[in-house]
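Below is one structure, written out as structure tokens, with a few remarks after it.
Each chain carries a letter (A, B, C and D) given by its place in the written order, and its residues are counted from 1.
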Amino acid sequence: MTCFRLLLLAALLGLAGPSVAARVDTVAIASAAMKKTYRAAVVLPASYAKNKKASYPVLYLLHGAYGHFSDWLTQTPNKQLVQSLADQHNLIIVMPEGETFSFYLDSPVNPTSQFETYLTKEVISAIDGSYRTIRDRKGRIITGLSMGGHGALYLSARHPDLYSAAGSMSGALDLMTINRKLSPADAAQRAKLWAPILGSEIENPAVFASNSVVNLVDQMHRNGLPLIIDCGVDDGLIDINREVHRRLVYNHTPHDYTERPGAHTWEYWQNALPYRCCFSSRC
Amino acid sequence: MTCFRLLLLAALLGLAGPSVAARVDTVAIASAAMKKTYRAAVVLPASYAKNKKASYPVLYLLHGAYGHFSDWLTQTPNKQLVQSLADQHNLIIVMPEGETFSFYLDSPVNPTSQFETYLTKEVISAIDGSYRTIRDRKGRIITGLSMGGHGALYLSARHPDLYSAAGSMSGALDLMTINRKLSPADAAQRAKLWAPILGSEIENPAVFASNSVVNLVDQMHRNGLPLIIDCGVDDGLIDINREVHRRLVYNHTPHDYTERPGAHTWEYWQNALPYRCCFSSRC
Amino acid sequence: MTCFRLLLLAALLGLAGPSVAARVDTVAIASAAMKKTYRAAVVLPASYAKNKKASYPVLYLLHGAYGHFSDWLTQTPNKQLVQSLADQHNLIIVMPEGETFSFYLDSPVNPTSQFETYLTKEVISAIDGSYRTIRDRKGRIITGLSMGGHGALYLSARHPDLYSAAGSMSGALDLMTINRKLSPADAAQRAKLWAPILGSEIENPAVFASNSVVNLVDQMHRNGLPLIIDCGVDDGLIDINREVHRRLVYNHTPHDYTERPGAHTWEYWQNALPYRCCFSSRC
Amino acid sequence: MTCFRLLLLAALLGLAGPSVAARVDTVAIASAAMKKTYRAAVVLPASYAKNKKASYPVLYLLHGAYGHFSDWLTQTPNKQLVQSLADQHNLIIVMPEGETFSFYLDSPVNPTSQFETYLTKEVISAIDGSYRTIRDRKGRIITGLSMGGHGALYLSARHPDLYSAAGSMSGALDLMTINRKLSPADAAQRAKLWAPILGSEIENPAVFASNSVVNLVDQMHRNGLPLIIDCGVDDGLIDINREVHRRLVYNHTPHDYTERPGAHTWEYWQNALPYRCCFSSRC
């Protein structure tokens, strides 16, 4: 759908593509809350090594369900995507761990799944302690895909003091399932996934509702953070994203919202991420 | 709404902003159809002078009503916006004349207003004859703001052989007024503007309808061109843009559609244009 | 979904339900255009026999695809529905034939399928000649279900001189299929159905487009007829009906639009028809 | 917009209109909660006097802001509207008092404004004690206009054990104002109206949010009550009603939703109420 032809032409013409010089660190970040250490990937822009006194903004980039911290470096068709965006926009890009189905929440039922605390306290503290970052909400942006899109909007809605902007790509922005038309098999499978994180939805629908981004729109309105949300029209999550957009239009919350061709795929996210960086620091 | 703070920080840190080296030509392009010569601005990327054998893609960038060819170079808060985008994306950016209210149509009632012919034949021919362009639809993209957004989608819908992608920012995508709730004074003023271009809407509603982008969605579906459309939620044209988006969703035409904070202003378009260039050649 | 409990209670309480006294005629109405005679059902309200000098308004009630003129009398769970509505609202209700897939058009490719002419000339003339009707557009309303919903809006949009109001229940309001996402098998089946009526959609998409209600909204705006449109949210046609509603909102055409629980079923239409009669003559 | 012409024709033809025989009582219903007695109007259908042993369903019909219990009998163009509907549908129609701006809530800040308690306990008890009603949720329906539309959906959402169906006409379904674009003067006026009912919205936005119907959609989903909601497209409340409809579509809550021509006027409500009675007991 996008103009790969032009890129190709540029290549054939011998025009230099962006030369990638970014450095990729894999770091271990301990969680006292979860008594466990997870790895994270940190991409430093090429300029980082040269500008020894400069402090850099940080983009926190979250992965989706069934994924891990390294996804954004290994799953995109262009394996240098994140590095080239770091270079282009002079951003540090941090990809922390969120496990296969944590939804970046502090689980009320499971002390070993406390990813809200991990991301908002432990990861930020470790990154700010190890790199020349702008140690302030003004220097932090958070975004992610699918479960990570929910995570980014959820954490920024609840911690507006920590981030200056937030985004979601193909976000799974509603945790509730009892208001959807699922087959019994799908409903059972979802219930099984959620049980160790939020318990039983049938017994505690309010827990699922109150932790869903779709119900945080008034909070987001009060926070006033710049927001950027997108979804592919062939993505099974498009209705949820449209709903969030309409609620944000309804309550007059400023936000960028985009629908694009595409589905829940890495091709889509590879295409979507650069606009995100435009949004963050302007092309 | 957007992250000027980060840009500012970058500046304070001494990170180099994009150095602008683009060349701006003002050229005269004659119209045999209209027996008149109009000027156009042509921005060449910095690499153009260096890569003597390279051919470049061209972005045709149309101005709005009550404007002229030079608007994009003089009205944006950042007076180097177009130049820096040309550099960044290795694009030739051409800004042709569309007069104050031509809507880029061939007027059926006015032989001195033949801008469809001018843009699709005379301007392309002149540019391809004067510069090292990719002389093919694959090397041409067309976009614009307001009246120019209509122009870009209109011309590309009717000439899919000439362009490989098209876009609209804050487009005035519906020429009809009898189906809107205008005050008599506004209706009279609109009728006066349209009379020299399309005649009387009351007498010939079909002429207005058939020339409106909002009614070309099936044609756009058949063409299959990549499309990018956006509008500010505080723009008086938002309902028209939502309607076009919904019709394109309805008839399954792939397109990028974005709503952003903002109104019908140069701040909005300065913000919107870079995403357009992302779309064209990828950040 | 609807309050059958209350009705039941009323019955248990011995409250008299509406006593049905309507007369049902089955009449033969010849078509000179098609050189064939079709039957129609005519329901006369109880008062018709008593008020020997009164003239009555007529509700034309169209059946759906794969159906026939008698459907409304035989397929509703309540077999006295039409009769009781005729009594209650003092309406003559005429159910003409539309064949299994005529879509109430004059086929440009098939002289034996000329149902626009049949319904707007031959049936009206026969009914006005045989019964004490109000022989004027003020005395005629037209509505129908599915294919008949399309027929009712289509015929009234093109013949606003003949009807004073029009409606559609679960209307198949878009004849085009090339802009939908059909499986090849479904597409082939649709093409086969349409071939004898409108020819090939791939060869003549404009014929399909121009005969679709979804594209007649500007005509409907100019006519200014009272319109009533509804659809069940579980009906496969809900997206098409939403699209028509949004286009009528967009171009400021007054109309009643309702979404209800339910699908493409006789239970739905039995529920929907009484509101239609409310609309026609007020409960 | 509606077919008064047909009604007129019927009249000219000598067809009998509905003869109204309903009885109207004005009763005093004390509130222990508020230490005050308010009046209510009770319309009994003609059959009530004849069927001495029958029990009747009750439609609770709420008035709007700045209004009183008698509005539905005095403000509709047709002063016999409620009576004729009571007759036609064999319903007792009760119009209780809601004061000029109670919103039918139990005010957390004002012990003299406890209308939730009044309507759900004291009024029902008084009506069931004085008339031959069906003393069960199956025999009670609640609806209203504007503030009363909010009241009807609000009370039924919170007391699904008391009502079998609920409706709203032109409902003011969102109490929040800080998420709207009000002029400072309008905002100040709204704040003044709300202060004695819910206190300060700026200090306690959650109180306003949690008492708004727009945020009770999950509760309504769980209750599963039949719902009927409508609004005029020229009503200032149309966006709020569209939002509620979309949320109910989004969470798969069965409901009837209608948009009609018209604004926030008694002509609109006179037109809307009969469909409501269709919904309640079927035409």
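Rule of thumb we're sticking to: a contact is a pair of C-beta atoms (placed from the backbone, for glycine too) under 8 Å apart; a residue touches a chain by one contact, two chains touch by 3 or more.
The shown structure was predicted, so the numbers you read here are calculated from the model rather than taken from an experiment.
Participant: Which chain's centre, taken as the mean of its Cα atoms, is farthest from the centre of subunit A?
Facilitator: Of all chains, C has its centre farthest from that of subunit A.
Participant: Could you work out which pair in A-D, A-B or C-D copies the interface of B-C, where over half of the contact pairs coincide by residue number?
Facilitator: A-D
Participant: For subunit A and subunit C, what's the span in angstrom between their mean Cα positions?
Facilitator: It comes to 51 Å between the two C-alpha centres.
Participant: Suppose each chain is reduced to the average of its Cα coordinates; what separation in Å results between subunit C and subunit D?
Facilitator: Roughly 33 Å, centre to centre.
Participant: Would you kindly tell me how far, in whole Å, the mean C-alpha position of subunit D lies from that of subunit A?
Facilitator: 45
Participant: Considering only the defined contacts, which subunit A positions touch subunit B in the complex?
Facilitator: That would be residues 1-3, 5-7, 9-10, 13-15, 47, 51, 54-57, 85, 88, 90, 134, 138-139, 141, 164-165, 226, 233, 245, 249, 254-261, 274-275, 277-283 of subunit A.
Participant: Applying the document's contact rule, which stretches of subunit D touch subunit A when the two form their complex?
Facilitator: 176, 179-181, 205, 209, 218, 221-222, 239, 243, 246-247, 250-253
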